[in-house]
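Note that the chains are named A, B, C and D in the order they appear, and that numbering of residues resets to 1 at the start of each chain.
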Amino acid sequence: MAISKHRKPAPGKTVSSGRRVTLNPKVARRSFLKLSAATAALSGAAMTTKLTGKAVAAEATPAYKDSETVRTICTYCAVGCGIEAEVQNGVWVRQEVAADHPVSRGAHCCKGAGAIDMVISEKRLKNPMKRVNGKWTNLTWDQAIDEITAKLTEIRDNNGPDALHFNGSAKVSTEMAYLQRKFAAFWGSNNIDHQARI
Amino acid sequence: MARMRFLCDTERCIDCSGCVVACKEGNHVPVGINRRRVITMKQGEPGEKSLSIACMHCSDAPCIAVCPVDAIYQRDDGIVLVDKKTCIGCGYCFMACPFGAPQFPKGNVFGARGAMDKCTFCAGGPEENFGKEETQLYGQNRIAEGKVPLCASMCATKALLAGDGSVVADVYRDRVFKRGSGVNAWGWSKAYDKS
Amino acid sequence: MTNSLNDIRHAKSMIFIGSNATEAHPVSMQHILHAKEVNNAPLIVVDPRFTKLAAKATEYVRIRPGTDCAFMMGLINEIIANGWEDKEFIRTRVAGYEEMVEVAKHYTPEVVENITGIPAKQTRRVADILAKSRPTSLTWCMGGTQHHIGSSITRSFCILQLVLGNMGKSGGGTNIFRGHDNVQGATDMCVLADNLPGYYGLAEGSWKHWCRVWDVDYDSIASRFASKEWMESKGFSLARWYEGVLGEEKIESPSPIKAMIQWGCGSNSNSQYNRVVKALNMLDLLVVIDPFPTIVAAVTKTDNIYLLPSASQYETSGSVTSTSRQIQWRFKVVDPVYDSKDDYEIMSLLVSKLGFADEFYKNIKEVPEDITREINKGTLTIGYNGQTPERIKAHMENWHTFDIDDLQAKGGPCDGDYYGMPWPCWTTEHPGTPILYDISKPVAKGGLPFRNRFGDVTTYVMTGREEGQLAAKGVCNPGSEVQGGYSEFKEVVPGTNWKTDLSQETIKNAINRGMAPFGNARARCVVWNFPDQVPIHREPLHSPRPDLVEKYPTYEDKANHFRVETRYKSEQNPDLVKQYPYVLTTGRQVEHMGGGAETRSSKYLSELQPEMYVEINPRLANDLGIRKGDMVIVESPEGAKITVKAFITPRVDEKTIFLPFHFAGTLMGESYLKDYPEGHAPYVLGDPGNTVTNYGYDIITQIQATKDGLCKVTRA
Amino acid sequence: MRRLIASGVLIMIVYAVVLVISTAIAAPTSMDGLTRLFSPEYYAELYGGITGDWQKYGGPFTYLTSDIFWKIYLGIICVVPAVFFLHYIAVGPKVFSHEGPQIRFFSRFTIVIHWLGAIAFVTCAVSGLLMIFGSFVGGGGFIRFARYAHIVAALVFVIPGIIMFLTWVKDMFPTLYDIKWIFILGGYLSKQKKPIPAGKYNAGQKAWFWLSTLGGLTMAATGYIIWEMGMALDTVRISAIIHNILGIGLMAFLLTHMYMSLFAIKGAIQSMITGYKSKDEVDHLHSRYKYE
């Protein structure tokens, strides 16, 4: 009802602004795109692939100059959605839409949409650590590996190889999973398992 | 001229919040500010429906009408944007908006609201394209890049459609025909008084 | 998955049982909803909880947790009773059918109603839908497997699909949506206590095969084990490794566990989590290799713990196998951040220091591509040999050439390949197998019969009937040299079979003759090496129905089950329900993943799902005097307790309560925040739901039974 | 009669209290922090399921704020001064002798409180007007400052507002001769100098008192709701509408008050500085005031 009584912008003006019609020069300069085809092809019509071909924008300019796109796969669930990472000078600047991926068609759930967070998260461990007298202390990699392997060898010498249990991962690459199994074989125990069990 | 539109297909929306995080992560929106959110009606009951809501970029936007400082403006392609440097954070737009789109981060003075923040249709703001200022204040400007807003392009089930209104309508119409279940876009029964 | 996610687009009906795809696999819904909308395919959701998937269903079936097998057998019985079974398919490609029918006869819709709580009318209706809209795509997830009869339940799903003749068909199949991103790949590489990569088992021949692949001496590997006996016996599994530390149960192992390496694995997805915590604190050495500290770092209070920061998968490269068996390549996006190292480097550091690097990396120079090549070389059983790094990368670079409907590349550099070369991909020219057991295509073009694995002829113990296990005459892939069933290939290269012939000549020979290397056999309805040869219903260990416990009792106790004695009969107490009256089931949230170490460390995801809660039906809540937002105590029969916020919702029924299992970091009001390395604690902490999940493990796989326990709920 | 009026006042006070309490109750059940902000229930409640109640006051609010209020405000600030200007020219100010006996009208405390309140009130008025016509300045930093000033001034006003109310309320109950005063418009339309029927405070002052104190406090209450925005959305909208309507009235009376004290009665402002009025002035303008 009442809403229809708003002042209408004067016809022909570029930018309407409610009470007064202003022409913001900054706004007027902006490039207005004929986005129709591009938009629908990506967002709406993954199912109606006929539109995909027309995904051409009129005056597209890149936001990040000289960036390259790296294709990878989301690390959350087994659907295996594609991710296009925009990398500029070795920094992952933006997560782009992997619209070509045959399974996901650019789609993500909330976890995958924030995949970049895995790399930029402040909560990531920054260096090797160990607990000393109940306090976390930093180590160098050399120290850590030396201490761990020394202890492993000691335990192996005292209790045999089956004193070690190895929980591998479904979150590493297939190659790494293979190495984990191979490691257990070389270590000499079948005490190895991963999340597929549960 | 293309007229930018959002449409959320409630038959498709699965409440995964992909759009919400895509928006936040892409535009570095602070925690607590929801440019887009998913709401669920009749949770856990038959007839449960979810709907992704953000600024709908109304043709005759009430926020523009009530803004006392004309901080909100509409581009030719229908995208409604706010100039954060002009905005005084009075909150009138929030009261006028039927969708709860305007968001207000806490300002520095007396806990008063800071400048309004809302969905930009990934079209940045009035500052220079891709400039530092634009990115900081508004996030990405994907429209200037010829790209679709993040939320819609990352929608898990393609429930959220964004783009030229006529194309969005075509896509949706096509779906409705294929479904054979009639028009069930959110609000249609209301709009045509079929409730 | 026998089919692929995209193939669900061709389904004429879909049934989801124990799967909440909307939350666990949201993007798969794209294809599921396509089938629902475009094919008008009925979407049947069988779940104890009205999930977000159920909200999209055309038919929602509320089932009592742990009774899936009874429902499936009921459907099978109803289908057969009405003559809706695919008679031709059964005649030519299924074995042990008659024995199975005998068992299924017991499960009339009325019996099913008594066991499952599903109205007889609804069972009939679902059977009718499945019979009339074929092919059906059947999907299950952890809701189907995490029971002490999980292996029977999953087999009943498969048998249903066999009876309906939906196997090996586009739009049909048994489509198990796997959980973690690379759980398929890691399983294929058998990071498992009972297998060598490629599901080779632990027999001497398997070890010899892999030693040949690794180019190392069998004896040198054997000498590293405690003994040959232990080399060929299963190790501790993830589900119960802690028993090896605690020593409270009867274990059979040369040594208790003293040290553990926890590599990319949270711990709070284990049931009876407080026992895990106890075990973690008893270890002499605990190494956590993860990008995040994980809850292990906080609950372990001893000084014997090391945290090694590994890089995330975006900071390294390698292949990853999706649930559709597609192999995709992760290109490295950025270098490892901070002082973290990628997994390969950490492994190489460990291996070098332990002194077997030369043998370990004998054929591996270029990481990770050479590892992929070694996998290609050795993993013949499941056809991992055609997916060379070059081919996988080519697929990644040519996403756009693959058709969304059948996933086949139309033109371009990958012309004819199926996306990701779903295994088996027998040779470097093979396009991959998009649909398993599909005999409509030649083997060289991605077709496949059922595998001949268990001999050519069998006599069933149950009936004394003898049955050939090979497919019927005339049933084979087009172009097959043998028109009908045939055994697996062996002795093409003398002294080897198709699984152990590293020259891969056997496989090539088979493909050239239009045949599958593993033979052409029938799918078994009777598995004579399992305790239940045909799946039958057995009441959950902690059953809410004492009257049914007598009728459908559980198994006898099993000694040395993955080195631990596992209680069945002695654990099942019909009176337990009097003290613990509510069924406890757990599940996922879309915002979090697994133990939640990653997702709870993301501010946006934490913002969306900031609290641990328990779902309680409004009616039950009112009976117990619990109001929205109240803190409640959930107690398990094992005596473990958690305090969580009540979320009153009709999603669950009056007898069931639901817990998400992603949370950790507090317990009964006590916070572990201070025990995390400073600044690395996740944004969101909560009581781990798995603290109160019950005792119970599958008889075959030892998967934990988290979905059908009992509990007590009181106001805090 | 007295009783009637007193009960009327009581009703007004009750109204004010009810307004504040009811808006507080109307706010969605408070859950703590994040949960409240991100629970779907919160938004469902807030928006009444999108198709529900938002239309009830969203429409009127949008219509009034976009099309109506600013015009009235513009009218008030243009027309009222213009009328007074004409009055000043046509009728001219009243002039009284400021010599002779002085009658103590205001205590020092009252004066301080008045000016404190006055400064805050005027700041509110000016900054409020600045916000309403913010677009003429182009918004931005200056108007944002005006908004902060509005908030601070409102907070400052509350205390003196309450004290003023308590100090003067006993003299402010309407009497019968006030009606007469209203009929002759306080005698301001005539140039004649004759006693006007009024007690210590005339009817105009009384009206201004009630409006500025109770109205001012209502302004503060509704302003708080607008500022906090934690209430049900329609409550916020109604508050904004009330805030604006009251603002219009207050603006008109404020201008009148200022004209009277600064121009219409020569030297009237002195009484609010020194605390004394001349007997001449009191005898004429407050003829019924029984001083001493």
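By definition in this document, a residue touches a chain if its C-beta (ideal position, glycine included) is under 8 Å from a C-beta of that chain, and two chains touch if they have at least 3 such contacts.
If you're wondering where the values come from, they're calculated on a predicted model, not measured in any experiment.
A.B. asks: More C-beta pairs touching across which pair, B-C or A-C?
C.D. replies: Counting C-beta pairs in contact, A-C comes out ahead.
A.B. asks: Based on Cα centres, what is the most central chain?
C.D. replies: Closest to the centre of all protein C-alpha atoms: chain A.
A.B. asks: Compare the CA centroid of chain D with every other chain's and tell me the farthest one.
C.D. replies: C
A.B. asks: Taking the mean of the C-alpha atoms as each chain's centre, how many Å separate chain B from chain C?
C.D. replies: Chain B and chain C have C-alpha centres separated by 39 Å.
A.B. asks: Using mean CA coordinates as chain centres, what's the gap between chain A and chain D in Å?
C.D. replies: 57
A.B. asks: Between chain C and chain D, what's the gap in Å when you average each chain's C-alpha atoms?
C.D. replies: 72
A.B. asks: Give, as an integer number of Å, the spacing between the C-alpha centres of chain C and chain A.
C.D. replies: Averaging C-alpha atoms per chain gives centres 24 Å apart.
A.B. asks: Could you tell me which residues belong to chain B and also touch two or more other chains?
C.D. replies: As it turns out, chain B has residues touching two or more other chains at 16-18, 20-21, 24-25, 32, 43, 62, 65-68, 70, 83, 156-158, 175.
A.B. asks: Return the residues of chain A touching two or more other chains; collapse runs of consecutive numbers into ranges.
C.D. replies: Residue numbers touching two or more other chains: 3, 6-7, 18-20, 46-47, 105, 107-112, 114, 117.
A.B. asks: Can you list every residue of chain C that touches 2 or more other chains, as numbers and ranges?
C.D. replies: Touching at least two other chains: 26-27, 30, 38, 590-591, 603-605, 607-608.
A.B. asks: Provide the residue numbers of chain D that touch chain B in the complex, in ascending order.
C.D. replies: Checking each residue of chain D against chain B gives 37-38, 40, 43-44, 46-47, 49-51, 54-55, 58, 61-62, 65-67, 70, 131-135, 137-140, 143-144, 146-148, 151-152, 226-227, 229, 233, 236-237, 240.
A.B. asks: Please give the residue numbers of chain B that touch chain D in the complex, ascending.
C.D. replies: Going through chain B, the ones touching chain D are 32, 34, 37-41, 43, 51, 53, 62, 65-71, 83, 85-92, 94-96, 98-100, 104, 109-110, 112-113, 186-187, 190.
A.B. asks: Can you name the residues of chain B that touch chain C in the complex?
C.D. replies: Of all residues in chain B, those touching chain C are 11-12, 14-18, 20-21, 24-25, 31-32, 43-46, 48-50, 156-158, 175, 178-180.
A.B. asks: Spell out the part of chain B that touches chain A in their complex, as residue ranges.
C.D. replies: Contacts found on chain B: 1-2, 4, 16-22, 24-26, 60, 62, 64-68, 70, 72-77, 81, 83, 126-130, 140-150, 152-158, 160-164, 166-168, 170-172, 174-175.
A.B. asks: Touching residues of chain C toward chain B in the complex: what are they?
C.D. replies: By the definition above, chain C touches chain B via 22-23, 26-27, 29-30, 33, 37-38, 40, 50, 52-53, 55-56, 60, 590-591, 603-605, 607-608, 649-652.
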